[in-house]
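Encoded as structure tokens, here's the structure I'll be asking about.
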Amino acid sequence: MAGPCSVESSDQMRLAAEAARTAGASVLRGGAFKPRTSPYSFQGLQEAGLKILQQAGREQNLLTISEVMQHDLVPLVASYVDILQIGARNMQNFPLLVEVGKSGHPMMLKRGPSATLDEFLLAAEYLMHHSNAKVLLCERGVQPLDRSYTRNTLDLNAAPVLKEISHLPVIVDPSHGVGVSRYVPAMAMASVAAGADGIMLEVHPNPREAMSDGAQSLTPAQLQVLMPQLRAVAAAIGRSL
Amino acid sequence: MAGPCSVESSDQMRLAAEAARTAGASVLRGGAFKPRTSPYSFQGLQEAGLKILQQAGREQNLLTISEVMQHDLVPLVASYVDILQIGARNMQNFPLLVEVGKSGHPMMLKRGPSATLDEFLLAAEYLMHHSNAKVLLCERGVQPLDRSYTRNTLDLNAAPVLKEISHLPVIVDPSHGVGVSRYVPAMAMASVAAGADGIMLEVHPNPREAMSDGAQSLTPAQLQVLMPQLRAVAAAIGRSL
Amino acid sequence: MAGPCSVESSDQMRLAAEAARTAGASVLRGGAFKPRTSPYSFQGLQEAGLKILQQAGREQNLLTISEVMQHDLVPLVASYVDILQIGARNMQNFPLLVEVGKSGHPMMLKRGPSATLDEFLLAAEYLMHHSNAKVLLCERGVQPLDRSYTRNTLDLNAAPVLKEISHLPVIVDPSHGVGVSRYVPAMAMASVAAGADGIMLEVHPNPREAMSDGAQSLTPAQLQVLMPQLRAVAAAIGRSL
Amino acid sequence: MAGPCSVESSDQMRLAAEAARTAGASVLRGGAFKPRTSPYSFQGLQEAGLKILQQAGREQNLLTISEVMQHDLVPLVASYVDILQIGARNMQNFPLLVEVGKSGHPMMLKRGPSATLDEFLLAAEYLMHHSNAKVLLCERGVQPLDRSYTRNTLDLNAAPVLKEISHLPVIVDPSHGVGVSRYVPAMAMASVAAGADGIMLEVHPNPREAMSDGAQSLTPAQLQVLMPQLRAVAAAIGRSL
């Protein structure tokens, strides 16, 4: 899975989708409804963003994933994207979990930054309570001991533990996990080596001009370099990406 | 502020409201929509619970507070209670914050278990973005270093810091903060001494039969003993409760 | 207990001891062997500092406490001070604990910044393994969730829990716990209200010129104001300081 | 680096050394002086253990590493082993760091469970203050968010960050980092993929009978399976073990 934090324009998404496709990704990400810590930050293009994401995905033959932040917008978001994402801040937004679960769409649930693994799996239980749809678990970093160098602490321990105690696929998002693009390749490779079933990477045609999370986004060229390395690590442990 | 975690019945709320009133509380709490970690736990009486809470509050001449968990239920909850509570798990549920903010009702925002104080105040900013209504900040414990003896770590440092960096009143909830009723009195007194503008206490007529959070609820008799002590501590630092 | 972080000079200690005595403290603190995070920071006056501390204590009829950092210096430090302190960084320095325990001196053990309460009590067990001397437990702040406003998170939950699960007296050190002098009075009052058996406060005649920890030190005048408030809080909960 | 937590007997060490050698390790670990949380736990064979370790290393042509816990035993430990280890609990035992630094021996410094990376590097600065000897940094897990499934949280973020901000080699110890042997292989592979310069693994001929840390020790057979996988991951990122 690859793509920018936020959908910003058709051009940006077309370039991001090309980069994702060329590098061999199968899912295009792009945020249209953005949960931002401050009300004064860019809040996303909303439905217009979903349309752009859908269009970019279709052109490159990629599945799409985007976050839904409120339960009554589940049908709207589900009408544009293939996989519904529940963000880390909403891991225990139970009305939202129930509605997403009822949608029948594949869903990806991000772990909250202070959630134990039991809390994480019980939140997934809300999703599965009303349907048999596929749920992906996503580790994206927990509250850090040390905020000086990374945004979060990517908790890769969670990968082998979740693989053992749950039957659900485990995705790792090293971009949010470390929050600094130059550390993302090492942690992406570590994620694959730890047994992740998939990786979500933030990729932006021009990270320095990104409206959100530019600091953690790879360029298309960096993604192009990274993907064969990820495949080599996967092959080394007897898996494929 | 005092009352049970969940509204369970008219009898329970009448006894809790009497206890709160007798002890000198001014606000009655009671959860009707309950955010529960597991979908298999009691989820609250919902609108029926709000009616019971309203009735109990009126009989004892107490203001009422209850949590609202989804943005489209803000008008419903606001039609029954005086103060709208946003729970810790929803501190960054931004669509909910916006709707609660628009309601014009007084609001109490609980700090998320891994939220920094800046993230907490930015969430409060979402509440104040659309109205001039009163916002109360509530510290209720952060992610614990040691889960062996307490449920969370009540972060009383937050009280003097928030009093300095914000103009909003600071409420402390030692019941959730420690999660064990026999430690609640000491921490309630510490909260007052640290400068809290108000205390929220869980009180249940019969904690052992409570449908949620019984382990951290005081009995009416314990509240009766505690309140004069809290007043004495308040007086010692030149304040009144 | 009151006094400066580091012993710097006879004049400094005389003023600090006068301030401690006037305010009603019974123990004078002062570091002579300093565990500093960086090798380039001031490392303490060592034996010369112990002599100054002893002299200042005698003149004001105060007991003295100072940290011992290495096991073979236990006899030296014990020859000058009344109470041996084991610092937070050395909570699990087991050879040191064994030697301090054998000294027969009263001892104060500071909790490590990531120590659980069980680890804390097992470290105290090392102290008590070889003697019957008195051990004081000292909470001084745990690793913070949020380093923006305070140096540590003073974990006052530890006070009622330790009082219940151990028979040892509990001292709280709000100066290290918050690390910012203007928040120290509120947290000192909270510590007393939470049931601490004693409070350790950093006091320096001139905090702005302190060679270590000036930012968290009270002035003698601030201590003078604080002590009657602490006594009032203690009285409010039926205790005396 | 491989070997048991504690040296227990000549037979145990001979088997462990054979396993390490066969698997291709270059350094044999074995604890003789053991820092144990409880005074009632096995404290190590001390000098007799060092002799056994030295002998086992010589027979298999392996370098040896063992922890030194007190500064006045540095010459003793240095007379038996090739690399001196400073344990996580002693990361800020400054008198010990100074003596180990003066020894001129290669040293491995383990990161404390709540140490920031700056505190870690400043502790290494104490080691390098008095000599030019080689210092290895070892990440071994930080204080966990969730103690239910792992003993610590192995912080692999530290690997790429330390590689960038320091010139020192980075070793990762997944055995202590997760504390559960069945999660060790995945995390060892993740450590290599994250860029670690070396891996330290606990290996015991019979983990179920180990006197310490059996739960996290691999068997020789498990090590035999793991090593080629680690080499494959290293090759995938263009390195060799």
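For reference, chains read A, B, C and D in written order, and residue numbers begin at 1 within each chain.
In this text, a contact is a pair of C-beta atoms (placed from the backbone, for glycine too) under 8 Å apart; a residue touches a chain by one contact, two chains touch by 3 or more.
The structure displayed is predicted, hence computed values, not measured ones.
Novice: Which other chains touch chain A while also touching chain D?
Specialist: B, C
Novice: Counting only C-alpha atoms to place each centre, which chain is farthest from chain A?
Specialist: C
Novice: Does B-D or B-C have the larger number of C-beta pairs in contact?
Specialist: The comparison resolves to B-C.
Novice: Just give me the whole-number Å value for how far the CA centre of chain C lies from that of chain D.
Specialist: Chain centres of chain C and chain D, defined by C-alpha means, are spaced 34 Å apart.
Novice: Could you grab the centroid distance between chain B and chain D? Build each centroid from C-alpha atoms only and quote it in angstrom.
Specialist: For chain B versus chain D, the centre distance works out to 47 Å.
Novice: What is the distance in Å between the mean C-alpha positions of chain B and chain C?
Specialist: So the centre of chain B lies 35 Å away from the centre of chain C.
Novice: In chain C, which residues are in touch with two or more of the other chains?
Specialist: Within chain C, residues 114, 142-143, 145 contact more than one other chain.
Novice: Which stretch or stretches of chain B touch chain D in the complex?
Specialist: Within the complex, chain B touches chain D at residues 143, 145, 147.
Novice: What does chain A use to touch chain B in their complex?
Specialist: So the residues of chain A in touch with chain B come to 35-40, 69-72, 89-90, 92-96, 112-114, 119, 122-123, 125-126, 129, 142-143.
Novice: Spell out the part of chain D that touches chain A in their complex, as residue ranges.
Specialist: 114, 116-118, 142-143, 145-146, 148-150, 153-157, 159-161, 164-165, 177-178, 182-183, 186-187, 189-195, 229, 232-233, 235-237
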